[in-house]
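Below are two complexes that have chain A in common, paired first with chain B and then with chain C.
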Partner chain A sequence: MTQTTTSSTERLVAGRGIGGFGERHFKYTVLAPAIFILLLIGLFPLVYSLIVSFQRVTMMSADTSFAGFANYAKLFADARLWESLLHTAIFAAIALPLELVLGLAMAQLFLERMPGRQVFVALLVLPTVISPIVAGANWRLMFDHRFGPINQVIGWFMGEPTPILWIINPLTVYPAILICEVWQWTPFMFLILLAALSNVDKSLTEAAEIDGASQWRIFTRIVLPAIWPVMAIAILIRGLDLVRLFDIVWSLTRGGPGTMTETISYYTYVQGFSQFEISYTAAMAFLVVALLTVIVTLALKRMGIAR
Partner chain B sequence: MSKKLIGILVAIAIIIVGGIVIYNQQQEAVRIEAEQMAAAQATAEAEAAAKAAEEAAKMAEEAAAAAASAMDAADRAVEAAKQYAGTTITITWEAGLQSLDPLNFSGPKWKELTGIDVKVVEIPTAEMFTKTMQEFRASTGAYDALNVIPAWMPDLANAGALEVLDPYVDKYGFRDELQMIAPTYRDNQMTVDGKIYGFPDDGDVFVLYYRTDVFGDPANQSEFKAKFGYDLAPPKTWQEFRDISGFLTEKFQPNMYGAGFFREPPYVMYMFQERFRNEGGKFFDPETMAATINSDIGVRVFTEMRDENKMMPPGVETWGFVENLAAFLNGQTAMTISWPPYGRWAAGYGLEQEAFSWVPKSQVAGKVGYALPPGGHPQLAAGFALSVASTSKNKDAAYLFIQWLNSEQTSKQRVQLPYALRDPFRTSHFESAEYIGRWPEAKQYLDTLKAGAETGLLDLSLLQTDKYEEALRQAISRLWAGEDPKSILDQAASQWDATTQEVGVDAQKAVYGSWAAKSGAYPR
Partner chain C sequence: MTDVTLSGIHKRFGAVHAVRGVDLAIPDGEFTVLVGPSGCGKSTLLRIIAGLEEADAGTVAIGGQVVNHLPPRERNVAMVFQNYALYPHMKVYDNIAFGLRARKVAESEIGERVKRAAGMLSIGNLLDRLPRQLSGGQRQRVAIGRAIVRDARLFLFDEPLSNLDAQLRDDMRSEIKRLHRDLSTTMIYVTHDQIEAMTLADRIVLLRDGRIEQMGAPLDLFERPATRFVAGFLGSPAMNFVPARLSADASVVEVDAAMLAVPAGRRASLAGRGASAVVLGLRPEHMRRFADGEQREGVVRLGVTIELIQPTGSRTYATFRLAGVPVVAELQAHDVNRPNERLDLGVDMNRAVLIDPATDRVL
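After this line comes the complex of A and B, so read on.
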């Protein structure tokens, strides 16, 4: 036994002497292929897009010459681009708080045990699992001025037919997109917040109640801080999703009337796949990446979840 | 003595040597002569053989030509294509009803005739250009034959995505049959810079459909004449259209309206192009290439289009192809303007087929008349041409398939397929006795299509056409949203100018000049 142990130690010591470098870097050697593949998949397209953004690549011509900062300079003169960013910000600024508040309210409602709770939760989550393009198409039917149930219901209340042109009229087109967006993604907030609320320590809220704290005070001082880390992540995910808002706009309005509901994603699509401005599209993508990096960094700091 | 003897011997030797030399020369001469004679004989024989072979080849050629002249372009394509039996060619086709032609009819028939399989790639119209360009740029060779909207042809040809078809046309004897395509399509939708890039294969043209029972009603006629001072008849001007549409709407709404049009921007873009030119508008200043769609004519057309919506069913601003069709087939509108299939379906032709389960049963069969839209120069809106992809690995087989599809023989059958949406485009189609017998008013229908083909206006076709069209689509969308026509068109014109600058004024000017010189560019 002693003999065996000695031999092993010797081998180990000898190994250190001969293969010390390999052993010290063993973890890097093992990780290297995975890191290389990840860089290849993740970084290569990014670097390639960056290169393309400095070229003159369009699908209409074979010219791929160096364009310098021409595409980036064009960004600043493109009013339609900045309008689309503004539209995106408007959608995010309205939809995100609505989804958060409604999701939280629903989660609070379903926190208590009630008959059929599981069935209701499952039904409420259904919109989230539908493809956004399908959701948009369904809502287009719902908003149809002749056959859509929405105008019909409004007509019952008004006492006469009300052919509201939801996706044509500038006054109703934003509400139409927002209704569809909020309908589809509030359940996501609901589900995440329901899970967060379920984990709040009941003894704390009960103690506060015994001490005579109001429900609002309990919510703001105990519940909200407890669920905040989860809620912040949910806000971040939905916020980023809203920046990418495309499918619902495509299905409902095609960015119209005119360019009134064009989001940055929709406009990027138009430039890339309809106008074939590949290099300009790449420059737009980098502008969005830069803006998002700044916003997300600020948001993470502000939310206190970056620590 | 000895000297004498030596002299004699030398003389004898000289005589012998000389004799030998002379003999040898004679022998050589004989040999050469014999060789020359043999060579001459061989040459003569070879010449005779070559002549015989040439005569035989000539006879064979004459025999082949005689046999070929007995065949038409379709048969020639089939015969030539048999050598490619067992291969597969891929063709792009508009998704939906259009593609039922190669899926249900022409594809299987081609396979039966030649042994060549046809794979159909269905693509939505809006993505056809993108997909074609993407595959070309990637040099995948994924498509062999293509359906191309003629307005895209300059862009695709300049990019190199389309094969020049002239050599194939000559090789497979299609030039004569190409001449039989109706002149508007043949002269305007086939070539770029004098080279053939596609065969016009769809006689798309806007037609005014109207209710003959409503227009022929004596009460309507007398009331209308009393009010406007002229006979109630299909409108020849937009003023007449407004009179008639307003009159019928006022009298029959909400059960029936004077007119209904599709109003989705991609369709109205064609209607605007048509109406703007009928009213005398020009798209550009030919000298400076400055956009002139925001001229007084453009603003007037836009304003009238918006105002006419009030004479149509509520919510018409959202109507697309199907909504407009449904309203007309259900008898909710007395007039509409659309592509030729509306006429066939309104007559109930082929609607019993499963492919038409989505089309409402026509309530107006036998009550529909056909006329040219107001202005008399209808838009040859969209349409399709058949081309060969330059990156195809089966160019000859692909070419032969499109020659066969486009030939007199095959196309006559294809334009009568109720579901396929290919409209008459050859002179013979308009005169086909078989087609005329399809429904009672088919002759009037075909006559109207023919008249439309003779006077029709081409879609605007430039470098990067879609950017100009996109600006128009946006403008129309804003028009329905209630914005001021003048400011909308000013903005659209500035977008056009920006695109022209981007493309290059001189380059675009050359392309526009070439387009504007075509017979169907502006009314003549």
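After this line comes the complex of A and C, so read on.
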């Protein structure tokens, strides 16, 4: 049976006449379906939403007439959009360095061989494994102002009940989201940086030590450059994730209080799935795509990892 | 003055007892080579001197100062690693300058010293390159440059030539020897290669299973090995060991049917053992083709049948059997021409070594 298949394949490959395909075209024939599907699921939605962004489609009217740049012009006048971008930038600017520094410190700590190391590493990685929605829901309970354990613990220290309205009070809502975000994603940094650190050639740090460098100097001049390629990728991945920050905000605050914690992803979602401004949402999505493209291109250039 | 004194050094890695009580005094300016088979503890000993490992017991003193609790950076030693350990993201200049910058030397002085070191090693034209753009030999030079630029009081080499090909290894060996002559800094060099040890050392320290087996000047060790291990480790091709019997009056060594007369001068020290089993140690170069009518004190005639011939050009290695074991003799290029040839060899019993098979010590 196998033999028959093989020989018929051989004949197909060898037979230059069949369907006009020669041996050299055979690989394209084989690749074509995969490429087609890839284009269909990858490129089509992109192109389709680009088209929609130039129309006037809402849930109420499927008005597919050409709208020009009307939707894009509207973007620039939309204060709520720019605020949501600002919120996103704030989250990213605080969470990313925090996750990086904490992850690096933890990785450095766990580099040494110690009893129970593997168990600890496995436990530490748990937050990253669970779904962000679940994490957000959990933290919502943790932050609950009457029953949440966090207020409970703070109460013990203060000596009296302290009903902090974590996700309602404008002063504490950012810290609350950031705590959840950092809690969930620091282990990701930790894991990647642990792998990078354990790959640093030990003789390099030993040579530097004999050369007379302090621990700090060894870390900044030898270890950091050695792990930089991996660290840069980790920063990029986390950075992009943070620009798309949605699930934690959705499950913790729904963008509230008011629109105070709306991120660009969350606002896009509101426009698309509560207001059903289909064309406007498409334009907004394209703004984000353009933004991310710029960030990624710049980052790859600066980090020198595109080479 | 940078003498190094090790006393009672022990080091364990888990269940492995890597260094088992080493006492060693290295005088100022000496080139000492620690040599031995892999796993003998030589690298561990070097790392203990550098401060990269801590000894479980014993003291390390450099220049009269006990340094056991000093971190490597405060010991003022320089080390060249087997894999060179060049900082991959730094140019050659910065690699060499790294140690000086860490010690806050003025940038103008750094420039001078780097150039001088680079000049000594002829790598002045490579200063702007990255390590990955260099060949193995060039990397090795940079690694040595990084060590000499600091004017450290003690140089440590951890198998620095083992990643180089044979030709380069010979070149670098001479270079390191020249470096020692010019700098006359105390140097400790670890290798498993006995030729490196013989050619470089003022003194060889031969290690085995974490202990010093024997130490001394290279030729002393070569000519007067204390044990079978030392005799077999030094020399290439290695010494041949043949089971034999020593006669009661120590006048004759009996191998198979052959009787090899012991030179009169050596009999006195061997007598008194009674007739006993010994191991006869013969270096390949101490056997040659016996010329008719030749008569030299201590050279005895031995008829053999050659099994295998290995010409190297200038010399030819001929293998024959004696008492059931293969024995290699180093002959002149044309002394023997084909296998199964019958040949009379002259064995120089003045240089032969007799070993007690029970203790493996040389008699």
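As a convention for this text, the second predicted complex is superposed on the first by the 273 of 307 C-alpha atoms of A that agree within 3 Å, B and C clash if a C-alpha of one lies under 4 Å from a C-alpha of the other, contacts with A are read in each partner's own complex, and residues count from 1 in each chain.
Simple rule for what comes next: contacts are C-beta pairs under 8 Å (C-beta built on N, C-alpha and C of every residue); 3 or more make two chains touch, one makes a residue touch a chain.
Remember, predicted model here, so these are calculated numbers, not experimental data.
Trainee: Between chain B (first) and chain C (second), which, if any, makes contact with A:Gln275: first, second, both or neither?
Mentor: So A:Gln275 only meets chain B here.
Trainee: According to the contact criterion defined above, which of chain B and chain C contacts more residues of chain A?
Mentor: B
Trainee: Given the touch rule stated above, what does A:His145 touch, chain B (first), chain C (second), both, or neither?
Mentor: Only chain B is touched by A:His145; chain C is not.
Trainee: One more residue to check, A:Asp201. First (chain B), second (chain C), both or neither?
Mentor: Second partner only.
Trainee: Could you tell me if A:Ile168 is touching chain B, chain C, both of them or neither one (first, second, both, neither)?
Mentor: A:Ile168: touches chain B, not chain C.
Trainee: Can A:Ala67 be said to touch chain B (first), chain C (second), both, or neither?
Mentor: neither
Trainee: So, A:Met106: does it touch chain B (first), chain C (second), both, or neither?
Mentor: Neither partner.
Trainee: Under the contact definition given at the top, report the residues of chain A touching chain B in one complex and chain C in the other.
Mentor: No residue sits in both footprints.
Trainee: Sort out for me which residues of chain A touch chain C in the complex.
Mentor: Going by the criterion above, the answer is residues 201, 203-204, 206-214, 217, 221-222, 225-226.
Trainee: Looking at the complex, which residues from chain B come into contact with chain A?
Mentor: 130, 133-134, 137, 155, 158-160, 265, 314-315, 317-318, 463-464, 466-467, 470, 474-475, 477-478, 480-483, 488
Trainee: Please name which positions on chain C make contact with chain A in the complex.
Mentor: For this pair, the touching residues of chain C are 50-52, 71-73, 75-79, 81-83, 85, 87-89, 98-99, 102-103, 146, 150.
Trainee: Show which residues of chain A lie in contact with chain B when the two form their complex.
Mentor: That would be residues 59-62, 144-146, 163, 165, 167-170, 254, 256-260, 270, 273-276 of chain A.
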